[in-house]
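You will see subunit A twice below: alongside subunit B first, and alongside subunit C after that.
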Partner chain A sequence: MSEALVEIDRVAKRFGDYTAVTETSFGIGQGEFLAIMGSSGCGKTTMLRMLAGLEEPSAGEIRLEGRSQKGLPPWRRDLPLVWQSLALFPFLSVLDNVGFGLKMRGVAKVERDRRSLAWLHKLELGEFASRNVMQLSGGQRQRVALARALVTEPKVLLLDEPLSALDAHLSVRMQALLRSLQRELGITFVYVTHSQTEAFSMADRVVIMSRGKVEQIGSPQAIYRHPANRFVAEFIGNVTILRGSVAEVGEQAVRLNTATGAMSVSRGNFAGSHGAPADFYVNADQIAIGDEPRHENHVRARFLSHKFIGNMVTLFLEVPGIEDDLKVILPERTYDCLGMQPGDSVVASWPAAAAHFFGGAA
Partner chain B sequence: MSSNTSRRRWPLLLPPLLWQLTFFLLPLLFLFVISFWSVVNFRLEPDMTLKNWDFMLSRSSFWSAYGHTWALALGAAVVTTCCSFPAACSLAFTVSERTRKLALMFLVVPFFTSYLVRVYSWQAFLSDNGIVNALLSLVGLDGLPMLNSDFGSLVGYVTLALPLVTLVQTMGLAQIDRNLIEAAHNLRAGPVRTLFEVIMPLAKPSLVVGALFAFILAFGDFVAPTYLGGGAPPTLSNLIIDTTKSGQQWPRAAVVAIVMILTLVVTSLAAVRLAYGRRK
Partner chain C sequence: MMLRLGRWFGWAYTGYTFLFILAPIAASLVFSFNADRFPSLPLKGFTMEWYGGTFTDPLVIEAFQRSVMVSIPVALLSTILGFCAAYCDFRFDFRGKSLFSLLMLLPPTIPSVIMGLGMLSYLSRMSLAGEVWAVLISHVVIALPFAMAMIRLRLAQMDSALEEASWNLRASPAQTLWHVVLPFCKQSLVAAFLITAAVSFDEFAVAWFVSGLNETVPVRVLVFLQGQVSPVINAIGTAVFTSSILLVAVGMAFSGMGKAKRAAADTPAQPPCGVLVSNNGLSL
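Entry: the complex of A and B
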């Protein structure tokens, strides 16, 4: 990551005794859409505020294009932020809100109005230029905030849960707008959110944080397929975590003895020894359901319940000897063909390739 | 149902209504009526004459007192606002909420002592042989005439209005959404530009209302212009005292009082409009 536009180098933030962010390093590339995701209090907003210069790191430093930002007040940085509360100036018109950053840079009024108006037109707000921001709808204000941050043509745009106040329908439309804007402008977006849908649908890479610690950084696919640890697996929620003791370490797979019998797990770079306990996970969308086992790992289970998510169905199965429910994700049509009723006994099976050790996959 | 409850609740409105009637509306009405009475042999006699109005409003001494009072009150509003603002800013932005509440409580303490006493103590500072001039002569400067001047009056007005204005400003500033200040910083506005471009517009209502309070207090005050300003040239309050003392001219004093009330009503409406006026 030596080519990174933004480098976060051993950055930590403490507020008195409370550690908001523990020592963290990662880079953000030119033109990358990076999402920082986690539940409230995980340190994601503090991270963003440190980037904007609104908080000074307790340790480490942040570099923008190789230049240390240490001690640089927020008004000397070029990292505009789109606020969760939008923070539009209520005493200014839409046009003057958008032009504020230009005004602070000493751009003359005619030029500043021209550029602001161009952005308003781009975001379909041209007709509202002379209105007061309070007269706009939530979605319109959202776009004003976006225009205000983008009008100065920054290299990096910071976004702090910008869509959390919008209804689902509007949020989806804004996601598409943000993604296409980011591609078109080729600038770096750092997007903080608690929403997995937002992070996974827009970002090139996702940083998952918990209690001030980065749990995993990777592409949405990589995180989805190969959660780095139990926290990420449970946070993403698309796998079932199982436990066994190592019976045999093979070339491709590792045999484990579990409460429900012997199972094969992809070896990856697993380094455990014979007899050692090991956690592994099974991807929910790679499990087959039927009357007969179709893959080498199989358990007999009782169908408990199901839940629709879009055109996919998540099934919850009770397996004797396993504490958590076994999660299975099927296309809705496949589920329909099975014609299962709650309480039915089924066989769930999966290949060794669907099961992995944490941190094992490269 | 709601109309039913409001019907049942209206007796609760009686006390405030009664209060307004007894202590405000009736005296005001009486003042208005008196302004048409006449004084015969130093005694008030009910009458229906315009001669008090004619007498006061046609005199240039009345209008120069009016102008003087207006200028002094405006000066008091401006000076008090400027003196309060730095203090209000530091109370609103730099201290914890706990400290702020404590400080606001201490702002009320000056009201525990009589305003007259506070004004008298200023005499010791401002008189020709007073403390300020003594300090000035220590560093080799000539003494300044401060007592019995407009400057003296202004000092008194600021003494009167400063705590209240600081209170109003602090409460207004403390309500400002911190995100807006950070947003300004984020858009490259340094502290000074943030003050003028964001904080002042957001604080406008409290600044205007604070200034209005200072104006109202100064406009009607007679202690400061009498004991620090020397009573000359007179303010309207000085004029009222003079008029009532010389020949029991209560009707003429009533004319002055009504003009003062009207002035303050118009000024207040204009100030409220300025403070809360909506953008298009």
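Entry: the complex of A and C
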């Protein structure tokens, strides 16, 4: 990625014996919305702090537009951050909070106030300019924090779980605002979050981290369809992982013997040999439910429970010989038509194209 | 019934304690306006004579001037050094940090007589004993822990991301100190200034040891008492008490106790500054 705006080159971070981030390299493109996602303690915030210069990498280096940021203190970088706690200055007015970065860059007061006000108006905060930040609501403070970071016209904006303190309704509105702002300004956003919804709805690419390691980088669709490994599959939670031993490697598909019978899995670039054990996954939204098998892979299962997510329903089915529940995602209408009751016996079936080996379909 | 009795006893005991502390001050206040030369009942009538006498006595005026001349620089120095010490403790981790904090807060726990003796023997070796400088140095030592404690409490309420946010917006550490940390601590700095001024203004024991001929007001009062029993003492006492209480009250208001409501909205509950302040109040 030579044209990347930000290059993370073999960067690692250790705190004493504890490794917060293991050696990692990836690039972030100009105008890209990149989300770094993972559960707490996975190293995502450390990664962001290294970008901002608040932590120095133990190894490797970070380059911005080809220039190494090594040893550069945070106050010499142009990588403003929107903090999880917002970190607004409680003793300054809204206007002075927004203008702080400009003041530190030596911009004269008149010009500073003009540019700060322009941003406040843009984010519908114009009328609050002279207020104290403590007098604003959570959503308004959020936008002040955003204005404070954007007023300096950075090439890259760093965001550390900025929406975690907002209620669901406000969070959705802010997501839309962030996405449209990012498109309009054409700058790079690096967005750290633990929320899959936030990451998948806004980002062009998602970095999934776990225990200091990058597990997968890809577009939301790619990660959703083709999780790179068991961790990502379980983290995203939209597939069922099955295990079998290779019986026959064909042109398009691989036949495996599993605890519930023979199954066909897309071959991809699978390189295992006859008799070898192999894990594969089945996409939950590509499984058909009925009284009769409709695809070549099928199992008889017992319907356990269901969960609504918007207009989709996730079904949990018990299959003899499989440890985990088989997950099936159906449109709500389809689910209604089936008229199933918990305990009913059904046939779940899927084509070979719905089943993949990990990392096989790059 | 027992419970009620216990409560009643509690109130009575508290009331008695306050009476014990406040009665001499109240007596001093009342007799400072009494026309009789001797503090005896019944009162003879209202007069301002003693106040007039007090504030025309050149020795008293000189002592007052000296007290003010000492307490203001003491307050300034204590507040500046107290801020530095508090900020070091807040921001940095270093070897012997707990020892440093212990030493910083030690002076108020040392008996005044020991402190006074120590200061006298130390400062006389530096040929400073009996100089105004000696009082100033000793009072900074005594007042600094109060300033440090008050400012440290305020710093504890600061979101650690605030400084980082300032660096992130291109403010150097020095600019951050000036534009973020100091404004954040402003109220506690004013409060520390006023309360350390009060500490210095009232302090007797150490000043008595080291002041020599440069008497401060409390020392002057003792000299008066040794010579005569005069209502002038009551007048001075009332004036000193009033000015100290004013300093402490304004200081407390600035330390944010009066604004606890507003502070509660954005920061954790105000730590008990009052404990510190009342310690000082009791040592009047």
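Worth a mention:
Assume the second predicted complex is superposed on the first by the 362 of 362 C-alpha atoms of A that agree within 3 Å, B and C clash if a C-alpha of one lies under 4 Å from a C-alpha of the other, contacts with A are read in each partner's own complex, and residues count from 1 in each chain.
Here, contacts are C-beta pairs under 8 Å (C-beta built on N, C-alpha and C of every residue); 3 or more make two chains touch, one makes a residue touch a chain.
These figures come from a predicted structure and were not determined experimentally.
Per the definitions stated earlier, placing subunit B and subunit C onto a shared subunit A by superposition produces a clash between them.
Touch criterion met: A:S93 reaches subunit B, while subunit C stays clear of it. By the document's definition of touching, neither partner reaches A:A168: not subunit B, not subunit C. Touch criterion met: A:S85 reaches subunit B and subunit C at once. Residue overlap on subunit A between the subunit B contacts of one complex and the subunit C contacts of the other covers 52, 54, 73-76, 78-81, 83, 85, 87, 89-92, 100-101, 103-105, 148, 152. Those residues of subunit A that touch subunit C in the complex are listed here as 52, 54, 73-76, 78-81, 83-85, 87, 89-92, 100-101, 103-105, 134, 148, 152. The touching residues of subunit C, when paired with subunit A in their complex, are 159, 161-162, 164-173, 175, 179-180, 183-184, 186, 262, 265-267. Taken together, the subunit A residues at the contact with subunit B in this complex read 52-54, 73-76, 78-81, 83, 85, 87, 89-93, 100-101, 103-105, 130, 132, 148, 152. Listed in rising order, the residues of subunit B touching subunit A in the complex are 177, 179-180, 182-191, 193-194, 197-198, 201-202, 204, 279-280.
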